[in-house]
Every structure is written in structure tokens, then in C-alpha cells.
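Okay, so subunit A shows up in both of these, paired with subunit B first and subunit C after.
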Partner chain A sequence: MGELFQHLINTLVLGGTYALLGIGLTLIFGIMNVVNFTHGILYTFGAYVMFIVVQKFELNFFVALPLSIASGWALGALVELTLLRPLRGSDIDTTMLVMIGAWIAMQSATLWVWGGVAKSVPTPFPDAPLEIGPVSVSWLRLFVLVAAGALIVLTYILINRTRLGSAMRATFQDQDTAALMGVNVNLIYTSTFALGSSLAAAAGALLGPVYVVYPAMGDLAAVKAFAIVILGGLGNITGAVIGGFILALAEELGAGYISSGYRDAMGFLIIIAVLIFRPTGLFPRAERVG
Partner chain B sequence: MMRTLRTASLIAAATALLMGTASAETIKIGVNEPLTGAFAASGTYVVNGAKIAADEINAKGGVLGKQIELVIEDNKSNPTEAAAVAEKLITRDKTPVMMGAWGSSLTLAVMPKLMEYEVPMVVETSSSGKITTTGNPYIFRISPPSAIEAAAFGKIVDKLGLKKVDFLVINNDWGRGAAEDFGKMMKAKGISVGLVETMDQGAQDMSAQLSKLKGSDSETIIVTAAVDQLTLLFKQAAALGLKKQIITTGGSQNPDQIIAQAGAAANGTMHLTTFLPWFPDKTPNPEATTYFVSEWKKRGFDFAGCTESFRGYDGIRTAAAAIEKAGKAEPAAIKAALWDIKLKGLNGDIAFQKSGPAGKESGQSQPNVYLIEIADGKVAMKDL
Partner chain C sequence: MKLLLSIVVVAALAAVPLWLSDPYLLNALITTGIFVIGAMSLNLLLGFTGQLSLGHIAFFGIGAYVSALTSLGFSVSLPFGLHVVHEPWPPLAGFAIAVLVSGLCGYLVGRLSFRVRGAYFVIVTISFAEVVRLVALNWVELTQGPLALTSIPPMQVGFPGLGEFVFRTKLHNYYLVLGVAVACYLLIARLVRSHVGRAMRGLMENETLAVSIGIDVTKTLTLAAVVSAGICGGAGSLYAHYIKIIDPEVFAFINTVTMVIMVITGGKGTLAGPVVGGLIFGLMPVALRPVMAPEAQWIAYGSALIVILFIMPRGIVPALMQWFPRMKPVTAPGFAKRGVEESA
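This part shows the complex of A and B:
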């Protein structure tokens, strides 16, 4: 019984960050229709910014976090302005190839600048875990869960309750009409991509200290983000959140009770099943933004 | 500064292209290592160790009167790429001997290429038993396969008083091979084997596996993985309140890096390692160890990498010794000569014994294996 509770608490913590990765990508992949291969590298980038700010500049952990998210926003905006804007209107394959190129170039750049040796980010949380009966969880992971939850809620409000959010939704529903209504379409494209990217960076900044930071850390994260987006339905923020938790649950219980060798396969088995039985994702209609 | 450096390297590259014929004066050794991907750090360490060996050999006049030249290629921690790199090194660069490919799955992927082109390879790190037992006569391994590692551990395991062990291993040829060989040894020693859990090579979160292991009735966990995953494991085990004895195998632990990154979570863990840079006096070749460690530091590399990089150093020296013995830089002659070389490695004598099916045996050297313990943030020999 203790083991099951431990698996469930692990699920909660892992699911929170999966959800964060998922909503970032669902904005870009689901709404903007850009197959964003740089999502994983922005996750990595967020973690490295965290490392540099905390370790090199010796700033407070809680100051580093918003800095890291802001850097993710800036890098995302840069990618949109330099790579995607000139390609607006070209077919999805061209954009995809460019994004693959950007991913490889950016990953090699992190390797070039920081080397391959994994880095560890110091945190202000105590080493000893919080123990409640048979269940034990580190303070850092609890903080990650809370922070991820807060970011998810903020994003939801931003998309659904603000002028910027309605402009985003309008733009990706009908770009021409939105433009005629006075929406600055270019600005919306850039800020949507930047928002998605900053969420990826936030996930990296939160998880970097939990794990270790190295150039290829985003690869698996990106694959999982795609899985979550497909699971939750393209462009569906609530779907991405639920998808994140479902993936985490499948991985935890799969590894705990079936076979740990297939841990990372569990999520994909679910996706195959979803694509066969519900090709538009588990939640294709509810709260659809796009 | 960066700009001049780049310009200089561009000019160097252009010159190298223009003077392609000049390289005929050197003897090439192919190096097939993971410089990007999951094992980038480890592969880079091995390459840096290899460079120290090459520089040392060249400073002493090279081999057969020629300088040796390392042709270093990145296999991206990916078996498919490793095979492609081997093919490139053999067919384009015409390297008569190679060293590689760090991971067992990477080396296994290269092996058919060695058969196809009949070029020998010194295997410096991989420890899956399959590499030297499947009948590939182009393989010459200086690292211990998990069976040798398990046998060495078998000699001291009684003193640790183990009763029941679980395994947590990386899900590839290396990890699964280790679980099998150590499992056999344990059972022969009357130690029961419980769960065998695996984790994927890039996996960062092992909480699920650790939660399961926490609930088992074993007192010890045998772990096979490289440094980055070990760091994560120790941190996550501490976070889950898992208080079992942990012993790691495989020789890619870089204990100093673990201490730096996992902190207190690493205390009390034990590691089977194949090199003792902390205690040169206790190595089979103290003078060479001291030289290597000081050269490593002089080049500004992280001391933690020593336990990885010494293999690249020994691997290149092995290849160079074979070229010297062969008297010519040709694959067949080098392959024959590898059987006859005997040199002092940093971790014992390097000399190849036959392993695998008769008629097509691979070469296997017998390095030493040590058990160390991390105590109070320091590496100590485990006193038994």
C-alpha cells in the first residue's frame, strides 16, 4: 500500500512538469501548427540559465527562476523572428526541416559552450525529504509541483481571460479576419511562440535542479511533450494538462507493476491506442482554443 | 580572441584539405567515441586521454619513424551512427586500426563492420560479455567484461555479508549483461537475487523503479549505469528515503563527479572501479599513473574524468604498440601483432588471451578491479 502511495505522489510531481511541457508545445504545435523541434532545447536552455544564474552569478534560486523563464521568452521570440517569420505561409515540411536544423544547431551550441559534463544546480531546499508515513518526497519536488501548478493556471488565465489571449485565439482561428479587426498578427505569432518557449524553459528551470543539466537532456523531454500534446488533443490546454498527468501515471504504474524496461514505452502504447480509437486526442472538443 | 581562434582553425582546416597528401607521412588511428548525446561527457574524457597518449608517443618519435594521427569521430551515443563512423574511418580515412566505441551497444553495432573490412579494433570501455564471446577475431578488449568484474567481486563479496540483492541496470547490452553475470556469481555464492529493474539510457527519473526497490526485502542494490544516471539515482534514492546499501559496477562512475553533484546522497555507496587515480601507489604501474594524472591536470581537465580517460590513454598505447610490433601500418599485420604485445597499462599488464568460439577468438586482456567507497565526501579504498 505504501508503495502505491509512493507511486501516486511520484505521478503527481512528474505529471506537473509534463503538463507544463505539454501546454507549451500545444500552443506552438497545436495552435500555430509549427512542428516545434526546438521545444526540447528550450527546456535545456531554461535549465542552463538556472545553472548559470545560481552557480556563476550566485543569485538566489527564486530570482533565477523568473530570469530563466524570461530568457526562454526572449530566445523563443528570436527563433520566431529570425526563422519562422520569413517562412510564414510555406508548407509544414519546410518549417519542420528548419526547426530540426535549429534544434541540432542549438544543441551543439550548448555542448560547445558548456561541454558535455552534467552540471548540478544548488537549491535552497533541505536534503532530507518530507516523510509522511511510508511516503517520502523531496521538498524541491513539492516546490516544483506547486510552481508548475501556478504557471499552468497563469497560462490558462492568459489565454482565456486576457485581451492578448483572445487576440491569440482569434488569430489562429482566422488570421485575415483577426487582422481586419485590428489585431497585430505578427506580434501575436511572435508572442505565442515566445509564450510556448518560455513554458518549456520554465519546465527546464524547474527540473534542472531536480535532475542534472546536460546538453541532451531535452531530447526525451521533447518526445514526451509531443506525446502529451497528441494525447490531449492539438491546441487543447486542459487536454495537455490531463495528458501530462495520464502519461506520468502510465509511466509510474507501468514501471512499478509491469516492467521498468518498458517505462518509456508505456506512454507511447497509450498514444497508439488513442490514435487508433480517438484519432483527435482524448479531449478534442472541450476548451479547444484553436 | 574567439574570432582569431576561429580564423586560425579555419586556416588550419583549409590547409589540411589542400595538403591532403601530407597526411601520408602519419599513421592514422581511428577513434570512434560518443562526443554528443547521452554519453558525451564520458566519450570526451576518453578522447582527451587518447590525445595524451598520442602526444606522448609522438614526442618520443612516434611509431615506425612516423607520427601517429588520431582521426576522431563522434558516434553520437547512437549504435547506428557508431557503425557509420566505423565505415567512414575504414573506407575514407583508411585507418588500419581503431579504438572504440565506449558503450557495449555502440561496440556491438560496429563489430559487423570489422568483419566486413577486416580491420582490428581496440575496445577500451565496453563490458558486455557478448563482445568477446560471439566470435569476432577483430576485437581486442582492454576493459573487463562484466563476467571478469563479477568474478573479481566474487572474491571479496563474502566479506560484505550480502544476503539478498536487487538489480537496477541501464536497459542496454551493458546493463543487462552485468545483471546476468553478477546474478550468476551471487547465486553461486549463496546470495539470493530479487528484483531486476531497468532504466532507459537517457532516463532522468528513476523514482518509479526506486519506489519499487524500496519496498523489496533485499538489503543491497547492485546498480549498473554511467555517472550522470548514478548521480540522479543517489539523489532520488535519498529523496525517497531509500536506505539500502548500493554497489555500482561498470567502471564509468567518475566518483569525484558524483561526490560534487550528489553530495551527501553519495555517502556510503560502494563502486567497482578499474582505475585508482586517487592512490597511484596502489596501482600496478604507479609511475605511469602519476604521469598520466599530472598530465591530465596540466591540460586543465577535470580530475573526475581520470577514471574514464585512462582507458583512452591505454587504448591508444595498445594500438600504437601493435603497429610498432607489426612493422607496418596494415590491418592484417596489426591484428596479428595485437596477440603478441605486452605492455604496462595504467591498470595492469595489457596482454590478450583468447576468448570466444575456437578459430575466431577475440582478444581479452585481464585488468584489475577494485572496490572503493565514498565516505564523508571522499573516495576511500574499501577495507575488507
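This part shows the complex of A and C:
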């Protein structure tokens, strides 16, 4: 029983960051319709910014997190401006292949600049975990859960309660009408991509210190993000949050009770099963938020 | 004209080992040739039915593993007390079984995943390849996991009355790969010019219209997937018996991407495209090796893909065909015409 509770706690921590990844990609893939292969790179990038700020510049861990999110925003905006804006209106395959090219180039750049050796990020949290009955959870993981939760709520407010958010929703519902209403459509495209990218960077910045930081860490994260988006339904932010927790639960239970070697297969099996049996995702009714 | 050009190209390729004896370059040509076969099979799906399979390396890897295991033998315990022992068979049998098993996998993947299209199809195929990779990594009893299958015997062909011929040297393998590549090219050319090939292109251009005139979508797409997967499995088998060592890294996503780059830059939907793109991108690392670090080569690779998509979104071969209209017959009929019309 204690083991099960432990798995559930781990699920909450992992699920929070997966939800961030998923929301980020559901904005880009679900609403903007860009098959974004750079999402994993942004995750890696967020983790490396965390590492560099904490290790090299010796700044505070809590300062590094917003810096990492801001860098993710900037890099996302750069990708949108240089690669996606000129391609707007071209078919989805061309855009996807350009994103694959960007992914290869950026990941190799990460490997070139920072080397292939895995790095760990020092944290200010005590080593001794928090013990609640039979369950133990490290302070770092607890912080990750709280921070992820806060970021999810912030994103929700940004999209549903602010002028920028309503401009985003309007643009992706009907671009021409939104433009007629005075919405700067180009700006909205860039901000949406940047917002999605910054959420991926945030997920990397939060999970990087929990595990280790290495150049290929984003590859699996990207495919998991696709699994979450497909699970929750395209463009569905609430669905992405639920999808994140479902994937985390499947991985935890799969690793705990089946075989840890197949932990990462769970995301792929979920993708295959959902697309074959319920191609509209688990929550199809709310499919078009944007 | 078309026939003459094809004969000249094949003869030129066959003559390469006469003046090129550097083993490093010959090795690069052989592995490039194997990947060109993979790219041709991918082109059948991507270029002629419009379905982008980003898990194509799964069929290549399955072919490599099946062929290696058939010729090495194995002994595994299965659930319910079953125990399977397989004695080594000749590599040629491995090749045949690799083609069959990969084709069967293509059938299963096709039947299941052609329910979805576009980005969803892409993601299902990626997932399939990753699951297969994880199985190869974790089913240690069968695949040796990360320890790799080693000492795979070289390909060997028996002639009745003449004894066995073993493809031991690089030179032997060069001609083997060239021969198989030419055979696959002819097979694909024959297929896309047949009734089924026209149905495939009809589907790609307007699925609703194709269905309304009686084309069976699932059957046509599945046939393309089976042939494509079978050819790719054959390429994997050649790879296993040439390299002689196979580990789960063969399933790496970057290998699929390499094939996609070859097809797209060469020109999807043209028969010559994967060959042209394959030779360029297969040999690019050889050209870049003296001047760049390996990571920088990959940066160049990714950047080259982006640049080519921006300046020649339809690929090199269609772009050449517009400049030299007489080269037109090298492509499948219908495509060259469409290209000219679109750009006009």
C-alpha cells in the first residue's frame, strides 16, 4: 500500500511538469497546427539555462527559473520569426520538415557547445526527504510540483482572462475577422509560439534538477508531449493537464509493476491506442478551445 | 533517352570500384547505397501516396534483426513454458524472411494507422518505431539488448552445381548493394506506373475524388506500405550482413530523418529523387569530415535541410527537370507535368 502511495506522489510531481509540456505543445500543435519538433529542444534549453545560471553564474536557484522561462520565450519567438513566419500558408509537411531540420541543427548545437556529458544542477533544498507516514518525497520534487501548479494556473489565466489571451483565441478561431477587429495577427502567432516554447523550457528547468541535464533529454520529452496532446485532444488545455497526469500515472505504474525498461514505451503505446480507438482524444467535446 | 540515361548511370556506378580503391570511401558508398534503398522505399509511401512515415527505420531495423537472428540462431523462453530454439540458417534465407517479416509489419502498421492521416499518421509511425526500439533494447534474451548481436555471417548465395559464393569483401558488397538497388528501383518504377500506382497518386491528389470513382483507399495504401516495408527490411538485412553487428541504435530516429532528407531534397514522387538526394546526403559526411567536427556536420545537415526546403521545396530533381525539360521522362508520368503547371 505504501508503495502505491509512493507511486501516486511521484505521479503528481511528474504529471505537473508533463502538463506544462503538454499545454505548451497543445498551443503550438493543436491551435497553430505546427508539428513542432523543436519542443523537445526548448525543454533541453530550459534545463541548460538553469544549469548555467546556477552553476556558472552562481545565481540563486529561484532567480534561474524565471530566467530560463524568459530565455525559452525568446528562443521560441526567434524560431517563429525566422522559420515559421516565411512559411505561413505552406503545407503542413514542409513546415514539419523545416522543424525537423531546426531540431537536428539545434540539438547538435547543444551537443557541440555543452558536450555530451550529463550534468547535474545543484539545488538549495535539503538532502533529507520529507517523510509523511510511509511515503517520502524530496523537497525539490515538492517545489517542482508547486511551481508547475502555479505555472499551469498562470497560463490558464493568461489565455482565458487577459486581452492577449482573447486575441489568441480570436485569431485561431477566425484569423481574418480577428485582423479586421484590429488584432495584430503576426504578433499573436509569435506570442503563441513563444508562450508554448516558454512552457517547454519551464518543464525542462523544473525536471532538469530532478534528473540530469544532457543534450538528448528533450527527444523523449517531445514525444511524450505529443502523447499528452493527442490524449487530451488538440487545442484542449484542460485535456492537456489531465493527459499529463494520465501519462505520468501510466509510466509510474508501468515502471513499478511491469518493467522499468518499458517505462518510456508507455507514452508511445498510449499514442497508438488512442489514435486507433479514439482518434479525437479522450475529451473530444471541448476540442476547439482556440 | 530514359533507358539510355539509366544504363549510363548504372554503368558509371558499376565502374566506380575500378578507379576507387580507398576502403573508407567504398564503405561510405556501400552504406549510402543501403540507405538509398531505404529512401526509395520511403519515397513509395511519401512521394506516391503522400503519407509521411517517420517510423520507417523500424522496418529497416526489423529486417536487420530478423536476418541476423535467422542466420545466427537463437533460443528464447516465452510465457506459458514455451521454449523456442532456432538453429542457424543460411543468410539468404535470413534475407528472404527479413523481407517477409518487414512486409507483414508494414501490413499491420498500415491496417492500423491508415485510419488517421497527416500529422497523426506521422506520430503513430514514430511511436511504432520507438516501441520496436525499446523491445530490441529490453528483450535481452533474444536481441542481446545493448550488447548487440555480433559475428553476423556475410551474405552468401548458392548456385546449383557451382557451389557457394560468399560476399566477403567490400567490393563484393558494393556490387551486391548496387544490384539490389537497381532491382528495387525497377520494382518501384513498375509499381508506380501500374494501375495501382495511378490509384496511389489519385489518392494523394484528391482522396475524396479517388474514393468516389471506386479506388479502395485502405487496400491501395496498405499495398504501398507492404511493398515499402518489405524493401526497407531487405535493405536492413543487407546492412546487418555487411556491418556484421546490430544494436538497438539502428532504430534511432535520426536514421529515419536521414531517409526523409534524402527523399525530400532529391524530390519526392520522382523515381530518381531518392537516388540523387541519397548520394548527396549520404556522401556529405565524407566531404565534411576533414573540415568539421561531427556535431558541426549535423548542424550543417539540419541547416541544409531547411535551406533546401526554402529554396527548392519540391526537391532537386523536379527543379532540374524544369531547367532541362528533356530529362523529364526519368520521373513518373504525370508528376513532371504537374510540376511545370504548378510553377507556371
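Just so we're on the same page, the second predicted complex is superposed on the first by the 288 of 290 C-alpha atoms of A that agree within 3 Å, B and C clash if a C-alpha of one lies under 4 Å from a C-alpha of the other, contacts with A are read in each partner's own complex, and residues count from 1 in each chain.
Please note the rule applied: contacts are C-beta pairs under 8 Å (C-beta built on N, C-alpha and C of every residue); 3 or more make two chains touch, one makes a residue touch a chain.
Remember, it's a predicted structure, so these values are computed and weren't measured experimentally.
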Superposed partners subunit B and subunit C on subunit A - clash or fit: clash
Partner chain(s) touched by A:261 [first = subunit B, second = subunit C, both, neither]: both
Subunit B versus subunit C as contact partner of A:35, first or second or both or neither: second
Partner chain in contact with A:212 - subunit B first, subunit C second, else both or neither: first
Subunit B versus subunit C as contact partner of A:138, first or second or both or neither: first
Touched partner set for A:98, first subunit B, second subunit C, both or neither: second
A:176 touches, of subunit B and subunit C: first, second, both or neither? neither
Contacts of A:111 with subunit B and subunit C, given as first, second, both or neither: both
Which superposed partner A:271 touches (first subunit B, second subunit C, both, neither): second
Contacts of A:252 with subunit B and subunit C, given as first, second, both or neither: first
On subunit A, positions contacted by subunit B and by subunit C: 107-108, 111, 219, 259, 261, 264
Complex interface listing, subunit A residues touching subunit B: 2-3, 6-7, 10, 13-14, 107-108, 111, 115-120, 127, 129, 131, 136-138, 140-141, 207, 211-212, 214-217, 219-220, 251-252, 254-256, 259-261, 263-264
Subunit A residues within the subunit C interface of the complex: 29, 35, 83, 86-87, 90, 92-94, 96-98, 100-109, 111-112, 219, 223, 226-227, 230, 259, 261-262, 264-265, 267-269, 271-272, 275-276, 279
Parts of subunit B lying in touch with subunit A, wherever the complex brings them together: 35-38, 40-41, 43-44, 77, 171, 197-200, 202-205, 207-209, 211-212, 214-215, 227-228, 231-232, 238-241, 257, 260-265, 302, 304-305
Subunit A contact footprint on subunit C (complex, rising order): 52, 112-113, 115-116, 118-120, 122-124, 126-128, 130-131, 134, 137-138, 253-254, 257, 260, 264, 293, 295-299, 301-306, 309-310, 313
